[in-house]
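What follows is a structure written as structure tokens; I'll ask about it next.
Read from first to last, the chains carry the letters A, B, C, D, E and F; within each, the first residue is number 1.
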């Protein structure tokens, strides 16, 4: 396995996680969460867990993001923190 | 330093878990809490997937040849540990189910109070 | 959200891609034995394809293919298939979920009976996951109020 | 709430870090996790279940009961959304 | 064959019929109720059968899918499990019978999905209790929690918020549990409880094991609402619909205590949990604090259901403290108290549900003159209250007796004081209600409330019968406590 | 002497002319025969197209076409050709085709599927060539020191008729660097272009014509031409 590639993905993951909880617009936060899930899924594919990566790609990055987007559109994008 | 290099995956998972946990407790917005929950659960999944990893040329947990005996016998070290993967499939399912229920409850509350902020909802209830 | 999209590009692309997405989902379910995937992933993709259709073509188009009642039926039947296969094994004299007992009725050796049992189970999982994913998405994107009940919707919006 | 959250999460994180000290090295093929139960899944999946993908065979057969539970979890979530959000039956009843 | 296959049938019958409930509701809506009652009756029969087998033949092992333990999932049913199974199926059967009228009043349009989730909740509890696999326990814990969140969120004003808070904290709890499982799996490679118990003693010095144990404990404490982590409980149980709170309140916390006992004494050996770490000391003081805090906060409540919630928190303190005393007698008392507490809490919440159904209100001041209007309900309530206080012929006395005896033997006078204090507070709490209910304050107090309550009569039969059965069960358990202890509880106590 | 010589020459000339006539008639005959064959074919095609313009496929035809396509896709994915997996494929394809047979061929007319596929494949290299040249141009724009870009939004009404051709055109425009389709509303394209030249390329309408050609929307003109030519030949022959 390629160690630097790994570390780059991990850094992206952490950055996305921090961004997702700090951004002050819910729709962007949800989108960043989708990106987070996607990087996570790359990470797992890198670790050889193809089944888990596939599931994560279809579930968290796919349906999960869609559900969150639908919920945000149904409610509001405004947030205080 | 050796410690960090040997286990950096575990350290990253702890950091992610802390981020998620913090968001779950400290954030005021319900959707933010849900996002934190998702990050928390994903961090745990990363931990399990890291357990399953084997260094030294282990490949995906899918058999490429079927001989059980002879010179091509299946070497355990050749394949990744499938059990944590299985557990994590279940955990991912649980996380999406929790997400669905949480969003449903959040939408219910928005319908009633027209806000997603915890303090405003508390004010409205009292 | 539930009204069909106006964008002709998205609509047409969705129209062309949905059958292939669905077939791919079924492929993922059926080939869980040899490649990554299985009932859960395939079911999610299938549910996502229905969600795509719901976003682009509106509720009526989806309802024609998959009425509400059928969604619930599939959701229940999926779990019942799974538990029912287990129960069949139990009735055939083995323990619960011991698929090798199925070799008696399938006329194959126990290992292949297990393989077929896995296939059946994956199908059940796929059905349930597909139906429930679609149902959750539907409930969340519409707030659970069907397009026929807009009046009630307005009431809710007004009264809170 | 913010400081409490920070404190609690840092305590939890520090505790987990403390736990990592004694963990087996990452990716060690001879760590206990990979030599106790899982070898049977790897070596016997073809013989016992005729399924080359171990994840599938473990998921649906060796630990099939977990997967039944998992499917039920999904079903629970769907029913929960219907219970909480869907309002059609109520409209009919209210009109009567 | 039915006896051999009874263990999975207990869970599977409930699971399959939970899934089939929407189909039945689709055919005919009013078939749901008899269907649920029938199913729970069948499951109760199976679990009684299993308890009988366990008493006569010892521990049952059942291998799911025919795979032997460390590889497959195993059911291990010993005396503790079997007792919990009977308690869960029995009390859910009673709640199911009871639920018809209160559901018609509270959620008339959503009976089908309510009953589906009701059965799924029972499935979750049963699955948690029956399994011998730590990860399988997590899966069923999530089934129970998810259906619990949904059931609670359907309640009155403010219920969704309470459910959301419960969801967040419950998810934290479940995730901590999962982390504990991960840590144990990492150093042992096994998920089976018995196998873990074999493998772990060699590793007791490891920091990983320590962290795993701590996370297990914190996660479970969140689920059982041990005092500083109880924030979710009062709101959630107060605002839930009465059928849901009558199902969840008695069982959720006790199932969590069951998990705690399993983790402490089956997965880890008592040597680890008691001698090696100061866990039991911490638990003892946590229990004492929980008892004091629960009792004091219960005193401050004006709302009947909310008061009961704090009583539940105090009762959790009894059991945790009893385990924390860490000698055989006290643990015996704690396990007996699990049984008693299920029955007592069930009785309290059933009565609370009847009062809510009849009065549309659960303020204590509204209960004027209620003894005259609802004699049978209040007679049952009196029995339950006496039991919670700990008056001899009822079952509550005996568990308290064992707890006190155990802590005296261990020299823990604080715990004795806490128990006595709690009994005292319970006397005040319940006599306040009995006083309000016995005398007619309506003329001098709020005439308005009197007007409202004047049409109140005895509860409908479908609600009354379960309540009276519970009251009878309290007395019966009290009378037969010796045989229960010799036949069941003595085997359930871990060998210290 | 001269007379006989002249007569001979005239004779020769006549014979040559005769030969030429025979040859010309033969040639014309062949040409007419060939044309009539072409004409028959073209007439068939015209009939097909005219009929297709009026009648789209029936539900069952759609179903079969979808099924065949999905089955091909399945074979591509699966790569296992034993009876068990093939039957699984058939079942799955039937289910999907049943669920969505009205999606894939919603507006496609009878009898032109193969032609469209051929023309689409021939369109791709041209599109690639366009993309590459546009790439170079945009790179030149971006790298030249003054950055001579002149962003503008252009609108034009399209002559295309079906939604699929709109989408193909829109996506081709978007794929070509320097231009992006923003919206299609009421047959009017709204395109964002990077500078005047790029916009001018778009205005010539070559891409639109080619897309129209793929989906046989300009074919009625072309067919008319073929029919005219064959009629002229036929009249010529009758005149001989």
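The rule is short, and it goes like this: a residue touches a chain if its C-beta (ideal position, glycine included) is under 8 Å from a C-beta of that chain, and two chains touch if they have at least 3 such contacts.
Quick caveat, the model's predicted, so the values are computed rather than measured.
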{"item": "Fewest hops from chain B to chain D - one hop per pair of touching chains", "value": "1"}
{"item": "Chain labels contacting chain C and also chain E", "value": "B, D"}
{"item": "Between A-B and A-C, the pair with more C-beta contacts", "value": "A-B"}
{"item": "Separation of mean Cα positions, chain E and chain D [Å, integer]", "value": "25"}
{"item": "Chain B and chain F: spacing of chain centres that average the CA atoms, whole Å", "value": "52"}
{"item": "For chain E paired with chain F, centre-to-centre distance based on mean C-alpha positions, whole Å", "value": "74"}
{"item": "For chain A paired with chain E, centre-to-centre distance based on mean C-alpha positions, whole Å", "value": "38"}
{"item": "Junction residues of chain E, two or more chains touched", "value": "15, 19, 22, 64-65, 135, 139, 142, 146, 149-150, 153, 160, 179, 185-186, 191"}
{"item": "Junction residues of chain B - those touching two or more other chains", "value": "8-9, 15, 19, 21-22, 24, 28, 50-53, 55, 58, 60-62, 83-85, 87, 89-90, 93-94, 96-98, 100-101, 103-108, 112"}
{"item": "Two or more partner chains touched - positions in chain A", "value": "50-51, 55, 59, 63, 67, 71, 74"}
{"item": "Footprint of chain D on chain B - complex, ascending", "value": "3, 6-11, 14-15, 17-19, 21-22, 24-26, 28, 50-56, 58, 61-64, 66, 68, 74, 76-77, 79, 81-87, 89-90, 93-94, 96-98, 100-101, 104-105, 107-108"}
{"item": "Chain F-touching residues of chain C, taken from the complex the two chains share", "value": "6-9, 11-13, 15-16, 18-20, 22-24, 26-27, 30-31, 34, 65-66"}
{"item": "In the complex, chain A residues that touch chain C", "value": "50-51, 53-55, 58-59, 62-63, 66-67, 70-71, 73-74"}
{"item": "Touching residues (chain side chain D, partner chain E) in the complex", "value": "15-16, 18-19, 21-24, 31-38, 40-41, 61-66, 68-70, 72-73, 75-77, 79-80, 82-84, 86-87, 89-90, 93-94"}
{"item": "Parts of chain D lying in touch with chain C, wherever the complex brings them together", "value": "47-53, 55-57, 59-61, 64-65, 67-68, 70-72, 74-75, 77-78, 81-82, 84-88, 90-91"}
